[in-house]
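There are two complexes below, and they share chain A, which is joined by chain B in the first and by chain C in the second.
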Partner chain A sequence: MTDVVAILANGFIYGSIYGLVAIGMTLIYGTLRILDMSQGSMVMAGSYVGWWALAEHGVNALVALVLAFIVTFILGTATELVSVQPLINRAKEVDLEMVTFITTFAVAILITNLALQHFGPFQKNVPVIVSGHVELVKGVTISYHELTMAGISIVLMGSLGLFLARTRWGLAVRAVAQDLDAARSMGVPVTRLYPLTMGLASALAGVGGVFLGGLYFASPTAGDQPLLFALIVVVLGGLGSLTGTIYAAYLVGLIQAFTEVRYGTTWTLTILYAAILAILLVRPYGLKGSPSEARL
Partner chain B sequence: MIGGLGSLTAGRWLLIGLGVLIAAVFPLVYTNPYYMTIIVTAEIILILNISWNFILGMAGVWNFGQLAIYALGAYGSGYIMLHYTSVPVAIAIVLGGVLSAGISFLLAIPTLRLFGIYTSLLTFSFAQVVQYTALNDPHLGFSDEGLTGGSFGYPAVPGLFPDYGQEAYLRAYYWVCLGVIIASCFAVAWLRQSHLGYALRSARDAPAYTAARGVDLRAARIAAFVLSGFLAGVAGALYLSFNQSFTTSQMGLTPMSIDVTMLVIGGLGTVTGPIIGTAIVTAIQTKLINYPGWTLTVLGAALLVIVIFVPGGFVGLFSRVNRRISTWVSEGDEPPPGDPEPDQRLVA
Partner chain C sequence: MSDLLLDVRGLRAGYDRAVVIHDLDLAVEPAKTAVVIGPNGHGKTTMLRAIAGLLQPWAGEVTLDGRRVDGEPAERIAGLGVVHVMQGDGLFAGMTVEENLLMGSFLGSSWRGRREALRRVYQALPLVEEKRAQKARTLSGGERRLVGLGRGMMRPARLMLIDEPSLGLAPVAIEAVYAALADLRKESEAAVLLIEENFTHVGGIADVVHVLEAGAIIRSGSYAELSTDETIVQTYLGALPEAGR
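After this line comes the complex of A and B, so read on.
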């Protein structure tokens, strides 16, 4: 009984945060057909902003989150302008998907190493957003920080859905995802939309970074593991499918919680990878992905 | 004749022979142990890059799991060197390659069911998972010290030349690696013109058309996985036996970034690309050794600039300049006979 509660609670919390980091990648892939490898360094940047605001300047938690959102939004927009924009009009001569995989990876290398030089290799403690914890059943406690993290992640994912479904800009994003040329001829400002989409996705990862920083630390390599999990989640969910990503995030969270409770943390990745291989062998495009259909 | 090196002119052969000769004589003249160690390590990385370039550039399969394959070759051969001392070290190195080829084959089966970016994602996470598993290995309970030594690195093994002094040791490894490099360069150049090479390259550029012409894409790509896996495993085994250690950080994100930069700077899919890329990046790394942290910043920026402005890398740049010169020289004549297009996906 205790185990079941622990697995469900942890799975829910892991799933929410993976969802938040991975949904940005899905959004970018769905619109731009680009796999953004700099998403992990946005998590890292977010946790440094959290450290700077909360530990160094002691500001309100909400201010820190908004600040992280803004900083990583700008960083993400800049990333797009540097690594994707120069290539868009050459889509006919280069394999955009693969080349941007490398260029965004290069940006990730740059950001990580600039952080290494500026902040040094040592871990920084990021204060938790809300202190205290609640005991679900005897032996299973959840901190308020984790609960807030899950709650805000869900709210953000929900508002992303609303943004895409209800606003003009969201409509434009979906139009571009469906048919780039048609959207362009209908007057959608694609060259402005791309940086904004990537900024938005990065900002979601940045907010996730503040939370993850509170759970672990802020360090130059803090983005590596979130990136790996986000990759696993988006592959499992089917690239470009928002609902698939959310299902996959919670599935990955649950598998991780299950392995941790039953076999210990050392086996997590190996078992997770085996599970994903098994799923991909049956469904090569992930849970909800489809080869050519327009998504989002 | 199935394959061939027919595209090489007499002048090219002369140039290659001269290059090999200089490379072979070099350690007799130059003996600085610090730089020799760097050079031998660079040679081993070059072997890895040649193998990676084969699958990534020539076969166009976006395999980012090569470093894990390389590491598994090191661990496999290390296990033999450590526990079966009666087996000659050279055989252990080859067996490391065989193990890597086998694992590469197993990796190919699920990977080739996927397409495009999914391939890179699956292989990329494969590399990460192997790294984390190796790091956690001493806690997994296979044996006391584990199969990989975990974060402490693989224990020292008897290398190829256990009784040599430092100078002779470096020189011997230099020649062994040089031999492997020359052999694999010729093998790749020969394979390019073979049935397999044509199948791989056309499968990369026009998969649907190639399949329609009756080429078994899957079989060709599996062959590419196995061949490049073998070479990567040999590189890993050489690294372990040369350095007497192998840590999990050898397959992390940092070496992956460096190796990808080497391949892209040199020119993906070309025979000489990895050589040029490895040389340039190693030179940059050596120059910046006193400014830790700057190396990767510089390399990241270089990677970005090269991909965007010089797609095709230095080899692509050279052959473009070369073609322009020969067009200019032969202006008015017949168009110059086909120096074939440099062969890569990232070409401008």
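After this line comes the complex of A and C, so read on.
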């Protein structure tokens, strides 16, 4: 019983944060048909913003989150303008998906090394958003920080869904994903929409970074692990499918929690990858993807 | 300064290295309906796409209301009041009918009037209202075409470009589409440039008919003139059409 509660609680928390970090990648893949490899460095940048705001300046937690959102939004927009936009204009001559895989990765390495030079290699302690914890059953505690992280992740994912379903620009993002020419003839300014989409995706990862920083540390390589997990989740969910991404995030979270509780953390990655291998062999297009690739 | 709404001169366009249209001249007067007919593969859709800005013209001029627009991107040309009802229909397959219609009001000022526009479209096309919550990919060909037209009615247009509204439809669906077009004609001030493979259906709406063959306009005249011209009738109909619609 204790084990079941621990698995469910941790799976829920892991899944929520994986979903938040990965959903931006899905949003970008759905609209631009590229894998944004800079998503991890946005998590890292977010945790440094969290450290700077919370530890160095002692600001309110909400302010820190909003600040991380804004900084990584700008960073993501700039990343698109530098590493993707110039190639989109030449999409006829280049394999956009492959080249941007490398160019966005290059930006990620640049950001990582700037962080290394500016902040040094040592980990920075990021204060938790809310202190304290709650004991669910005897022997299973989760911190308020983790609960807040899961809660805000869900709220942000839900807001993204509402944005895409209900608002003028959200509809435009989906329209561009589904039929680029038709969207343009509706008057959608695609050259402005792409950078904003990538800014939004990065901002979600940035907010996730503040929470992950509180859970672990802020360090130049803090984005590596989240990037890896986001990639797993995005591929497992079916490239470009938002609901698939959310299912996959919780599935990965539950698998991870299960192995940690039952077999210890040393087994986590082994079992996780074995499971992913098995799932992808049976469903090569992921949980919700289709041969033609899902569109937002 | 001409009083033409659309003036196309010496237009040349194509794909990769293949020239599809060349030295194409075409004019559309304000509030008039011009129909271009011609065989498949002779450049009708290419012409519309070049005018709409979805395809960069290689040479020539496109003037809209006295303003050069060739080389401008499609979203800019749309902003100048050009509505393009695309071949097939260009619907967003994963979006509902209503979401598709709302995208028709994307541009600036028309977004504020979207509720009113929706009401007007639903009134004009009751079938579209019935399907409002359905995903576009689940519609029949005729329904999709009507939604495409309805979406084109969601913002005020100065020029509507309509690409083969009868393509691939059953006769009864074609009638529904052309009835909707005739209604649209009555209500809207917009000029229309419509293309079709032949002129079976266009008698009721065409103010002027052009024949496009091998990438250029080879004949122009009224529907009455062209539909009684023996060579043209032989080529496009194989028999004399019933007069008008």
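Criterion: the second predicted complex is superposed on the first by the 294 of 296 C-alpha atoms of A that agree within 3 Å, B and C clash if a C-alpha of one lies under 4 Å from a C-alpha of the other, contacts with A are read in each partner's own complex, and residues count from 1 in each chain.
We adopt the following convention: a residue touches a chain if its C-beta (ideal position, glycine included) is under 8 Å from a C-beta of that chain, and two chains touch if they have at least 3 such contacts.
Please read all numbers here as calculations on a predicted model, not as lab measurements.
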Exercise for the section: Following the overlay on chain A, give me a clash-or-fit verdict for chain B and chain C. Expected result: fit
Exercise for the section: Have a look at where A:R174 lands relative to chain B and chain C in the superposition and call it first, second, both or neither. Expected result: second
Practice task
Report for A:F101: first if it touches chain B alone, second if chain C alone, otherwise both or neither.
Solution key: first
Exercise for the section: Give one of first, second, both or neither to describe whether A:A183 is in contact with chain B, with chain C, with both, or with none. Expected result: second
Problem - Partner chain in contact with A:N125 - chain B first, chain C second, else both or neither - result: neither
Practice task
Could you say whether A:L281 touches chain B, chain C, both of them, or neither, answering first, second, both or neither?
Solution key: first
Exercise for the section: Pick one for A:T2: touches chain B only (first), chain C only (second), both, or neither. Expected result: neither
Handout entry: More chain A residues in contact - chain B or chain C
Key = B
Practice task
Tell me which partner A:D224 touches in the superposition: chain B (first), chain C (second), both or neither.
Solution key: first
Practice task
Quick one: classify A:N60 as touching chain B (first), chain C (second), both or neither.
Solution key: neither
Practice task
Would you give the minimum C-alpha distance from chain B to chain C, in Å, for the three-chain superposition?
Solution key: 15
Practice task
Go through chain A and flag every residue that touches chain B in one model and chain C in the other.
Solution key: none
Problem - chain B-touching residues of chain A, taken from the complex the two chains share - result: 29, 35, 82-83, 86-87, 90, 93-95, 97-99, 101-103, 105-110, 112-114, 116-117, 221, 224, 228, 231-232, 234-235, 239, 266-267, 269-270, 272-273, 276-277, 280-281, 284-286, 291
Exercise for the section: Would you mind writing out the residues of chain B in touch with chain A in their complex? Expected result: 62, 110, 113-118, 120-122, 124-126, 128-129, 132-133, 136, 139-140, 253, 257, 260-261, 264, 293-294, 296-297, 299-301, 303-304, 307-308, 311, 345-348
Fill in the blank from the handout: Within their complex, chain A touches chain C through residues 168, 171-172, 174-175, 178-179, 181-191, 295-296
Fill in the blank from the handout: Per the touch rule, the chain C residues reaching chain A in their complex are 52-54, 73-75, 78-79, 83-84, 86, 90-95, 99, 102-104, 106-107, 111, 151
